[in-house]
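Take this structure first; my questions come after.
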Amino acid sequence: MRRWIWLSVVVAFAIAYPLLLSSPFQQRLGALVLLYAIAASAWNIVGGYAGQVSVGHVVFFGCGAYAAMGAYAKFGLSPLFGIPGGIVLAVGLAAIVGVPTLRLSGHYFSMATIAVAETMRLIVTNTEWLGAAVGLSGPTVPRNIFDLSFLSALPYYYLFLAILSITLAITWWMTNSRMGFYLRAIKDSERAARSLGAPASRTKLYAYMLSAALTSVAGALYAMMFGFVDPESGLGILISVKILIMAALGGAGLLFGPLVGAAILVPLEEISNSWLGGKGAGLTFVVYGAIIVLIARFQPGGLLSLLTRRSRSKVDTGAGYAP
Amino acid sequence: MLLEARGITKAFGSFKAVDDASVTLEQGDILGLIGPNGAGKSTFFNCLTGDLKATSGRVLFEATDITDFTPEQRAGLGLARTFQVPQTFEGMTVLENVMIGAFLRTAHRKEAETRARAVLERVGMSRLAEAPARSLGTPGRKRLEIARALATEPKVLLLDEAMAGLNAHEVRLAIDLVRDIHRSGITLVIVEHIMEVIMSLASRVMVFHQGKEIARGSPQEVTSNPAVIAAYLGTRAAKAAAGHTPVELMGGPDP
Amino acid sequence: MSFVLVQVIVGGLLLGAVYALFSSGLTLVWGMMNIVNFAHGDFVMLGMYVAYVVYTLMGGGPILGAPLATLVLATLGVVVYFALIRGIMKGPMLAQILGTFGLALLLRYSVFWWFGANFLSMPPNIVGGTYAFAGLRIEASRLLAGVVALLVTLGLHLLLTRTSLGSKMLAVAEDQTAAQLMGIRPDTMQAIAWAIAAGATGLAGALIANFFYIVPTVGETLGIVAFVTVSLGGFGSVPGALVAGLLIGVIESLSGYLIGAIYKDIVVYVLFLFFLWFRPQGLMGKM
Amino acid sequence: MSGALLRIEHLEVRYGDLIGVSDVSLEVPEGSVVALLGSNGGGKTTTLNAIAGLIPVHSGSISFRDEEIAGQKAFAIVRKGLALSPEGWRLFVQQSVENNLMLGATPLHDKSRQATLLERVYEIFPRLKERRNQRAGTMSGGERQMLAVGRALMSDPKLLMLDEPSLGLAPAVVESMYETFGRLHREGLTILLAEQSIELALEVSDFATVLQVGKSVLSGTAAALAEDPQVQKAYLGVD
Amino acid sequence: QDKVVKIGVIMPMSGGTASIGAHAKAALDVATDIINNAHPELGNFPLAKNAGLAGLGGARVEVIIADNQGNPATGQNQALRLITEEKVAAVFGSYQSGVTLTSSAIAEKYGVPFLNSESVAANLTERGFKWFFRTTPIATDFAKIYVDFLADIKAQGAKTDSIAVVHDNTEYGTSVANTISGTFKERGQPIALDVAYPVNATDVQGQVLQLKDKKPDVVIMISYTSDAILFAKTMQSLDYKPAVLLADDAGYSDPSFTKAVGKISQGVFNRSSWVVGPAGSPSAIIADMYKKKSGEEMDDTVARQMQGFFVLADAIDRAGSTEPAKIQAALKATDLKPEQLMIGYKGVKFDDKGQNILASGAIIQLQDGENYVSVWPKANAEKAPVLPYKGW
């Protein structure tokens, strides 16, 4: 019951936010929070639930971003039409990359994903057709509404909110389905899960592909909002880390963890940059870094774990099952 | 023939943990597998279930060659097992652990839950359904392993020391449970160091030593075999198995 | 083989030794103690700055700078362990990424705040200039770094495999509770591991400073190389890191010379992925 | 009976909100073998782990040689001369058999005894000597059990605590292991034993305590308990 | 007298290029000092004589600096903040071309003038923007300078037959290299060797050996500071000296470069629009003020930025208003003569696309330790070019 009350408060706030804080910068901040929440929630499917810590998720982000900008720059289409292409690209890449890498354990998987992402970034940096280091830009002047190039952040905000809701719904559905159960089991003991008939590789691969698809949507939206992508901003490893950090900060493996993480980190980053960035002494990152360190130090399970721990139902295990 | 293994060998480097072992299992069997520690019993199990890839030899299930099948495929065919070193899903409740097994035969959460609860009832763990699995001790974990395996609705169930850590009374209850499982039409292979279990359950016994089969036969035949006594049982257990009373070990309690 | 090619390979080996040098600390905390350290590159950076400050304040080459950098960083390692890592270890692995990433930013920009963003550099040839023989040219500063790399790796390897201290450290890394049952105090071992790892990293920084530039963000560039080196070598294998470092150095050098420098990182990454395909445990890692 | 080496009074241990044991009292006289009995989940492991300092004590007292050790850190307790072969073995699976054993000798003050102790363990479990360089994680179940017990012996403890030492061991190995315990006992070692086989446990011990649902409900000499109808009924299945 | 004109400045104040931001900050402090206070010593230099902007009744100029962190998205967010929250009259920035691209897009949407003084990507002025102005010369201008310079020294007897271009793979490195290669090819002298390398390299030995192997007469270096330092050190250790080492500004202009490796890079040529005039000239006075403020020598990048800022302030002054449209009109009408500038452009005058058609540059050479002197074109050269490259 408490859950539902909380949920409705959050939803009501999310819908009303742009009306409550209506300056263009605040609205854009809200939209960015949602955008990063989409990416971090997508990452959460494989990084949180399946326990496969991908540090190279930016490749899928890049698939979306490049597909959207490419649709415009190469074919004169609305970037919107790049989204399906981006999804196909991301899912295909996830399948190719996932088969060999998902069998790797722990750190090796993380490193392999970094290697894949860096390889892609370097390849794109050296590919003239994809704009090389210069990158690709979207329509500078919107031709019609489908170019999704708005002055106000309001349309972005509600678009992102809708897509975030879909992402969370998919995640929720997944965690409550067989796939979600299998993922959790595989995370604990792949060997046991397989002995019980859970097709470990396939399940992980599906999760990876699903996560890749959603991440690519985030990437496409990102590129559309900023009207630009280059290898650094579309495929740079820092974006992966940022996504991961948000999920971890809020609580990985929890439905709303990534949203909480994004809602804290994005404003923190933008506001500390706005206040301190101009001084040029690097103070922004001193503050930003210190806050992350403090959260990790005192709430290593993520902020949301504070709430959930308390609400975990109490069970009486009594004296076991013996007579 | 339900399950057949032909000439299984498993080598770790130059060391052969299982050396040319064969076994056939008929519908309705309870095969007991005994042997000294490190004889290769678990390794043999792992080759049957696909956990390990045998160095050579073939495994047949219902006349299908399953040597190259993955563990999950074999589970799908009806081959279930428990682990000697319990592989509990620590982050889940007892019920959820069993649901993972039940999901093999149904994709629906509700249905899986119903089946899992039924299995827990059967193994006498209903009261613990909502308990976190990590709170179980070793014996509890072992019983959970049986429940999970049962939930996959197997045709053959391989139990690797599933009763280790139970006291005498609990062993008796567990024997009843296994009988009950057997009666429901499941064929069993059991590895156990508790002779009472082997004596009262197994229809046939196979004895492993240094990766090789050294004896087979009825429980009585095997436990009176001098080679088995020398390699495995020791005099005390042999006597106990033969119906003798336990001898004093540590000089008895102080007066 | 052409003469240039020999120079390329020798240069690659020296470069690789340097990679191995600044990866050795990471092998210890990440590979062996199982603690992800995203701030590793920034530890190298701090080592460089310490060496630079020592040089500007007191003059003298690495004879003074290197030991001091080792000492300062070792102390920092212990502080970081007690102030941050110990708390983080209670959480999941992600908390380590989170915490050490925050630490990386904190360190990087604290230095930035203090020293500014300008590129600094030790005077050229502070260590013995360049040796030329038989047409080959070898910088003394790189040679020194290479030799120290070999010594440090060897030392670490012996420590971990031959001493009871090493065995205790590994025990703590594997299972803190069980280690306590052996009468081992986990905090002590972890702190020692951090001191050694950070010290080695500081030493690496001080030596690299002699032929590299110094800037607060240099850790980013070096950190990722260390990551690849440690994982190619196999987490937990000190000799693996050495071999991987040398291998990467030579591959980079050769591919940079033969196919073009912009492709050299691609070659390294692809080779790394290819290796993982056949050896999922890295070059010398255990399963 | 000489003075109690270990004395536990009204021990309560919690796992978060869950209660592990609620009220355990027992005494281990110096030089004796004491058995801890009880069905699964009775609290044997919890009690042993609490003594060793692996789980915090919620209330009650644990004194070892008249020194309160409740609340002390596990590594400090071990150094006082208590050793535990824990449930689930907790071996260092990445390290070799011999390294595991040597780690067990960490609390020794007199390092020169390491070699002697190692030989003693190898004598009890020849299989371990055979496999001294194998990685502990690849050992069979029974071999791991031997290693865990052997490792606990390596610190040459005053009080040896064994959590189900015969679990998974072949009958002949159990036999020889208990013979060795008997010898060590005669040489003055004190043992606190949680053993699933009550028959065996009562046979080898001087005293026993029965735990039920986290409470110590019965204590006495092993001989007396073996005759106790309640024990017979509940644990031996004798009707 | 209280009137304030706010100008938003977007610069990399953190990240790998943060030193650029730090230098720019100091330069803009000097520029606002010159504008806001009376500086009769600068003579007729625009906006110097009296305090504040005369056109706005002596209004003071206030600079609000925002950090783009080298990231296009952050740059855009900050542009939005400067425009909507800080209500700046114009935006100035943003160093990296990618950031300039995204941040100027916001200014365009809001109809606020955006002046750029240092990004060289060609496409910036090809977007049909109406609010975007750029004062700096771009790659085609550089290429022309190199062609002419090399022709001149060839006439003086230097060997310039084979040319190698060494560049990183950033947007700056590749686009400038491509333009230079194209221009030389048009003039019938194709580039003999193109050496591309990844930015922030850990090692450049392979590249130097390639050069040593192929022995080109002229090596054109297009590198940021980090790599420039490494190249200098590696060239020394491998004992490699081309006859003519010609750098394309960027890293080679950074005072950090000259401080770190100036002593082993003697004789390197560098492109620069910044040439200090004789003592007492506005440029010399400004350079002095800057040095006092920042502790660094003024370099080309920061000089171009400062000049760009003066152009913007001048336009606002002439507009006599902070209304965007009026400033835009004033910018379009800009026509500054060389003597009104602190930098060596031929003037400032924007075409329809917003590009300064009078931007130009000169060649300087590192001759006396850590300081560059202008050597080309002859007209305003302090000294004659010294050949060949001396190194250390």
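Here the chain labels run A, B, C, D and E in written order, and each chain numbers its own residues starting at 1.
Criterion: contacts are C-beta pairs under 8 Å (C-beta built on N, C-alpha and C of every residue); 3 or more make two chains touch, one makes a residue touch a chain.
Values in this document were obtained by computation on a predicted structure and should not be read as measured data.
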Q. Listed by label, which chains are in contact with chain B and with chain E?
A. A
Q. Of the other chains, whose C-alpha centre is the longest way from the centre of chain B?
A. E
Q) From chain A, which chain is the farthest off, judged by mean CA positions? A) D
Q: Check A-B against C-D and say which one is joined by more contacting C-beta pairs.
A: A-B
Q.
Averaging over Cα atoms per chain, report the distance between chain D and chain E in Å.
A. 77
Q.
Between chain A and chain C, what distance separates the C-alpha centroids? Give it in angstrom.
A. 31
Q.
Based only on mean CA positions, could you tell me how far chain A sits from chain D in angstrom?
A. 49
Q: Scan chain A for residues touching two or more other chains and write them down.
A: 122, 125-126, 282, 284-285, 315, 317-318, 320-323
(Q) Multi-chain contacts only, two chains or more: what residues does chain D have there? (A) 18, 39-41, 234
Q | Touching two or more other chains - residue numbers and ranges from chain E | A | 14, 18, 21-22, 169, 198
**Q.** In the complex, chain C residues that touch chain A
**A.** 30, 36, 38, 83-84, 87-99, 101-110, 112-113, 117, 216, 224, 227-228, 231, 235, 262-263, 265-266, 269-270, 272-273, 276-277, 280-282
Q | Partner chain A, residues of chain E touching it in the complex | A | 11, 13-14, 18, 21-22, 25, 64-67, 69, 71-74, 76-78, 80-81, 84-85, 97-98, 101-102, 105, 108-110, 121, 123, 127-129, 169-171, 173-175, 198
Q. In the complex formed with chain D, which residues of chain C make contact?
A. 164, 167-168, 170-171, 174-175, 177-186, 286
Q) For chain E, which residues are in contact with chain C within the complex? A) 14-16, 18-19, 21-22, 169, 195-198, 200-207, 209-210, 212-213, 225-226, 229-230, 233, 236-239, 254-257, 259-261, 263-264, 392
(Q) Quick check: in the complex, which residue numbers of chain D touch chain B? (A) 15, 18, 32-33, 37, 39-41, 45, 87-88, 127, 131, 138-146, 164, 167-176, 178-179, 181-182, 185-186, 196-200, 202-206, 221-223, 234-237
